[in-house]
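Just below is one structure, and these are the notes that go with it.
By letter and in written order, the chains are A, B, C, D and E; residue numbering begins at 1 in each of them.
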Amino acid sequence: MPRVTMPPPGTAAGIEADELPTPSSDLGRFTVTCVDYSPAQVEVHDVTDLDDFLTHHRPAWCSVRWIDIVGLSQMDVIRAFAVKYQLHPLAVEDVLRTVERPKSEDFPGSGDQPGRLFVVARAIDQRDGRLHSEQVSMFLGRTTLLTFQAVQRSDTEPIRQRIRTAGSRLRENDASFLLYSLLDGIVDRYFPLLEAYSERLEDLEEELLDRPSQETLQQIHAIKRELMLLRRAAWPMRELVANLQRDKHECLSETSQTYLRDVYDHCGQIIDLIETYREVANAIAETYISVVSNRTNDVVKVLTIIGTIFIPLTFLAGVYGMNMPIPENQSALAYPVFWAACIALSGGMLLWFRHRGWL
Amino acid sequence: MPRVTMPPPGTAAGIEADELPTPSSDLGRFTVTCVDYSPAQVEVHDVTDLDDFLTHHRPAWCSVRWIDIVGLSQMDVIRAFAVKYQLHPLAVEDVLRTVERPKSEDFPGSGDQPGRLFVVARAIDQRDGRLHSEQVSMFLGRTTLLTFQAVQRSDTEPIRQRIRTAGSRLRENDASFLLYSLLDGIVDRYFPLLEAYSERLEDLEEELLDRPSQETLQQIHAIKRELMLLRRAAWPMRELVANLQRDKHECLSETSQTYLRDVYDHCGQIIDLIETYREVANAIAETYISVVSNRTNDVVKVLTIIGTIFIPLTFLAGVYGMNMPIPENQSALAYPVFWAACIALSGGMLLWFRHRGWL
Amino acid sequence: MPRVTMPPPGTAAGIEADELPTPSSDLGRFTVTCVDYSPAQVEVHDVTDLDDFLTHHRPAWCSVRWIDIVGLSQMDVIRAFAVKYQLHPLAVEDVLRTVERPKSEDFPGSGDQPGRLFVVARAIDQRDGRLHSEQVSMFLGRTTLLTFQAVQRSDTEPIRQRIRTAGSRLRENDASFLLYSLLDGIVDRYFPLLEAYSERLEDLEEELLDRPSQETLQQIHAIKRELMLLRRAAWPMRELVANLQRDKHECLSETSQTYLRDVYDHCGQIIDLIETYREVANAIAETYISVVSNRTNDVVKVLTIIGTIFIPLTFLAGVYGMNMPIPENQSALAYPVFWAACIALSGGMLLWFRHRGWL
Amino acid sequence: MPRVTMPPPGTAAGIEADELPTPSSDLGRFTVTCVDYSPAQVEVHDVTDLDDFLTHHRPAWCSVRWIDIVGLSQMDVIRAFAVKYQLHPLAVEDVLRTVERPKSEDFPGSGDQPGRLFVVARAIDQRDGRLHSEQVSMFLGRTTLLTFQAVQRSDTEPIRQRIRTAGSRLRENDASFLLYSLLDGIVDRYFPLLEAYSERLEDLEEELLDRPSQETLQQIHAIKRELMLLRRAAWPMRELVANLQRDKHECLSETSQTYLRDVYDHCGQIIDLIETYREVANAIAETYISVVSNRTNDVVKVLTIIGTIFIPLTFLAGVYGMNMPIPENQSALAYPVFWAACIALSGGMLLWFRHRGWL
Amino acid sequence: MPRVTMPPPGTAAGIEADELPTPSSDLGRFTVTCVDYSPAQVEVHDVTDLDDFLTHHRPAWCSVRWIDIVGLSQMDVIRAFAVKYQLHPLAVEDVLRTVERPKSEDFPGSGDQPGRLFVVARAIDQRDGRLHSEQVSMFLGRTTLLTFQAVQRSDTEPIRQRIRTAGSRLRENDASFLLYSLLDGIVDRYFPLLEAYSERLEDLEEELLDRPSQETLQQIHAIKRELMLLRRAAWPMRELVANLQRDKHECLSETSQTYLRDVYDHCGQIIDLIETYREVANAIAETYISVVSNRTNDVVKVLTIIGTIFIPLTFLAGVYGMNMPIPENQSALAYPVFWAACIALSGGMLLWFRHRGWL
């Protein structure tokens, strides 16, 4: 169940860089990776001495610098970057909250401060059979991309690999193309997940017709709920990508926007698939209910018919068990006649039931 | 159940300042607090002598004056402020009605009368286990903010505290930033409330699978209804904040609008959460119904089967209780054979039921 | 059930003034009231000699003339006004049809014919426990307002009273402010009606939990249907007021448009309340169904259990009533043992049922 | 069930005039009526010699020429008009398909070919108790109106009558006013149909509460389906009229657009009525289901209670019918005591059931 | 169930021509057909020597060249065309993915590279009783159309036929008219499919009222699901055609856009039909459920009544079977009186049931 925990109402919004705790030397579960590249050259190094890193300028040959910060618990590191890159306090708060809806915000530059595009994306993931969604916060400048995320995600590695490959489109393009590539990776994570859902739904449908059980229904309900969560995650991602692809921004190159159109198409397909699967899940749940209620109806109908046939016969047997003087009881033929009558009566009732279409 | 009581149809709308009853000296449950501040200085004082207060000008150092009027029963006080600040009669009526939808209205200045932005917000609150929503009416001028509310709310205190703190963003900024801060406080009140709902829903879901009862369902219905009311309150708040954040107004600074964007994001998250919880509540209610109807079906099915097995046996017993000459009744073996037949018959029926999947 | 009766398809639309029957002297249930006023002076008189009235010019001091025509059966009167004020044939037809949707139409002036705004509103009313909606047709010129309605409605009297009050806002303003005041009166009629619904719904809800009956449900259905009709009436009223408040028109003053904004807010609140009550009514109906079906389930379950316990016991009694040689029947202990067995059996079944959660 | 049959996929769209079969002399079930009129004069004549008709020019006094072609099976006639009036091949195809959605298309003129407005409307009709919808295709030029329809509809006669009436608005106006009049006639056909539905719904509602039967429900389903079809027909008619009334076109006069606004209002009322009737039909269907399920519940409950009361008594009778030594059976008082016990037991159970609210 | 399989997240999007495998001589299940035509001349030839084909220029008389590539497995062929016509990597990827939503994308020309319009359409088809949808990717230049598709579809043959026909509109027009013709063929494929659905639905409806069975319901569910898939395919086709018909593009002639308006109308009709059939299918499913539940109710009611009548009679018989001294048992009249009482009792109950309306 998604939840949002906020500071108590009335506290100031936004986090100024100097409100973050002062630097400490502990880098803990924190990794800062700096990737500098240009069409000709590439250099990847893990930052271990943060002060040293921040005071040095980037190499002259470098056309794009990507600083990837993984782990959000070391406030001093965040503080150092917020000061260095003059990040807006509201954006810093959003980075740390990690429950933001996907969105893009433009913080236009003024004077010596360069303009930045702040992008919040949500990457979806399935761990231990449960859906997780991780926030990825990105600050895009003209030649720099800062990414903040809580945990290392597996889909950044292929992107680094593509950066290392000389001549790749990623290597030839600017920082906004890197932003595009990261978003593309995040969005494409939906596809294998959805494929898994489509398989589970097909299995459930088969199971349903064979042997419908209460658990089947509960699994369908679970899938419906997860698809609902996926949809809630996918819609704002589409909005985000639509904005990025459509609106001009000084930091977004035209090439990147052409490629973002492709991501936008993928978002559309994802939402289409989610909607289709939701409708399929609904249809399966409906079928389940009609199958089960049909079966129960059949059971009850047949049992009621059996009962109904025997109740009049029992009455008849009761009559001849009465202790009053009954003429029939004197006859030796009474017994076989009784049985014959019983058989005739029940046979007649069965025929009548069949005639009425109740059997 | 929300209700709106209005004066009888046909009475004039709007309340002119001089239509309000004349001043009396009784300030009753009425508190007027005046907060003057500038980046350098701050002064908070409760107004006790209203006439004296209204005739004096604000101190020269003061860059923002916030007059917070709590309690709406003293018409003479409202009248005094309406006259002093030339409030529009329609706005005065809205202040006193306290059932308005959240909205912002621009009363543009003309000649000597300065332009004002009139903002009506609704603060949500839970008292005695029931939802309440309080109207907060605000008049924003260039350097003045007037706030009217019926009761003292707890989230204004942290804001005063932030004003008292030298160097806080609130202190450094203008009156529209104060308006933003109050709206931020009002909107953030939704989050703890929603967290409580999410906990209750999780508890109910667990309870449901363990021991479904009619009360569980009624609690779910109650939550659905409260969420419906929350949604009805949250949507126009979002519209209000969207308007404030988007439309230029002489009294709204650019900084405040940047920060209002943050409040707008929170409104979006709140509506997202409400929708999610509503869907979850619906899903729980559906599950409840399917669990209960499944259980009833099971009960009825099993009981019907028990009945059905014994009815033919009872018929058989009735047959041999008849007082007619029955050959079998002469044999000493009849009794054990009868029992054997009964056991065989009921066993056969049980097997058949199992074979048909009815057990 | 709302119905619209039209002339047969193919007949010409619109009614030219000279197509109306020629004047007769019978003024029947027809009242024409003329109210002339200016900030300084006011004069109200019932028109009895129509020809005389129409040939005379208005007094020079008069800034607004309001002619209120009540009763639509005297075609000659309508004709006289249509000729005098050059009303458009389509508008005349709409006045007489009285089943129009609320709307405003601009008939721009040309040459000597002044421009007019034609406004159709629907006033809602409850008579004899049933909802009625009356059409009020208004022609607004620069200094004249013509209103046509079928019956005298109670909410025009307070407005005349306000005109008679020297210094009232209504008296100080122009003809469009009178139009606004009439619309305000019409819209505010919804509030007491809605308050009555909210009370009935609360009563029904209480009744439902105490002693649910078929009539309760039918009352809820009736309320839902009436709310549906109210909604169908309220939506176009909101559209109408939205248009009037937003679009510039030569006959609408800026002050009137500011006040119409207030009417627009009321329309919004009315629609909000209607939607809320509809959802509440739906929720009550759902609760009713779940309460009733729960109760039926409980009844059927308990009765089935009682039946099920006795059926095996009856079988047992039947066995020992058989006329075959049964060893147990020889023993004097058989009877008490039989009872003990019966009690044990039924007790065991009850325990088992409770263990399974069926009781 | 609506169906659309098309030529096989891949065949060319549009029908060039010379693709239509060559002229033959057989005019069959085809009628071509030519109405020439001006304010001063009118002439109606049935065209029998088509070639002669097409080669002659219209009389000089004629301000509007209306050619009404009824019957679409004579391809040579269509061809002759298509050639003469240079109709666009796509429009000709639409005329012949007769399953088009209502729409208006502008074929702008070029060089010697005058611009034309092509309008497709659907007239609704009820024949043999079933709904039919006929396509009416109209080509509007500056002074000419061509109408194509498959069958003679009854609502064109009153329009011809109005043309014959000297001084009628229709006679005084241009060709677009004739178009308006035809559309008005088509739209007004909905009202008597809807009135019939409202009567049927009221009858059904009454019938429902008196003696609900399966047929009642099926009739309600039938009405819902017909209303659905009506709605599907009415919506695009409204769109069509909205476009005509709003967009400027060289062939549409301002007067006609003012009158089309009236048709647009009628379309709005029709859609309102349809929606209301649909909701009413739904409400009736819901009430039916709740009435029937209530009745079934009552039946089953009462019958179950009767059964439940007698089952324990039968057990008791069975006990005293056992052939084992039973002390009570020796007493002469046993029989009256047994009856008393039975009466007490059943009375007690009835009281308990009533106490539990089951009766 | 629709599925989309993508390369693993993080891999680069788009396929550069030189990333495709190098040419091989195997042309396999691949067919490349080149159609050159002008109003005067036409030439169709299958390309067997690809290199030769690509190095030669088109004949001078040729005004439109259509290259139709069927089969997407030969990467080297795709590569050759991608290089020759400078296709954008993202478009090449979309061609090969074959799961794209219908869309049109403009790749504007720059320098020596001509502008192209990239169109993805989905053709619907029914093979082996299952719905298939095939992607058709088209690159439109000023005088060239490239089409890529996985399998040969039957609706391209009539189009080639029309090209071969001298004087056909297709032959007279430019490349965009060819694009229109292909889209028209694709869209018109929906009509025969929908006609089949309408027949199946009518059959099912009839079957339902005669002999409702579980399979009927499952068939209805299947149709509903297929219609859902059709709708998902038809909506984006309509969007695509709407865009093409509305937006100006250097490669789209005005004539083609006029004709595309016709395709757009067809799309509207298709969606209308789909929605209607879906509603009809829903209505049939609802009727099914009400018919079945009515029938079950009837069965259960009648059987319960039979049971209920005999249970008291059985009790009575049980009473007179008791072995206690019963005075009635001494009388010879007891037996006929007993039968009379039974008949009276059951007759009375039947009358009462009928009086209550339960029979």
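Definition applied: a contact is a pair of C-beta atoms (placed from the backbone, for glycine too) under 8 Å apart; a residue touches a chain by one contact, two chains touch by 3 or more.
Because the structure is a prediction, the values reported are computed rather than measured.
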Item to check | Shortest path length from chain B to chain E (each step joins two touching chains) | outcome: 2
Next on the checklist: Suppose you list every residue number at the chain A-chain B interface; are over half of them used by both chains (same) or under half (different)?
Outcome noted: different
Item to check | Interchain centroid distance [CA atoms averaged], chain C/chain E, Å | outcome: 44
Checklist entry - How many angstrom between the C-alpha centroids of chain C and chain B? => result 27
Checklist entry - Could you say which residues in chain C touch two or more other chains, in rising order? => result 300, 304, 307, 311, 314, 318, 321-323, 326
Next on the checklist: Under that contact definition the chains make a ring. Starting at chain B and heading to chain C next, list them in order.
Outcome noted: B, C, D, E, A
Item to check | Complex interface listing, chain A residues touching chain B | outcome: 1-14, 16, 88-90, 93-94, 99-101, 103, 105, 211, 214, 217-218, 221, 224-225, 228-229, 232, 289, 292, 295-296, 299-300, 303-304, 306-307, 310-311, 313-314, 317-318, 320-323, 326, 328-332, 334-335, 338
Checklist outcome for this item: Residue set of chain E touching chain D in the complex reads 154-159, 162, 168-170, 181, 184-186, 188-189, 191-192, 194-195, 198, 201-202, 258-259, 261-263, 265-266, 268-269, 272-273, 276-277, 279-280, 283, 286-287, 290-291, 294, 297, 300-301, 304-305, 307-308, 311-312, 314-315, 318-319, 321-327, 356-358
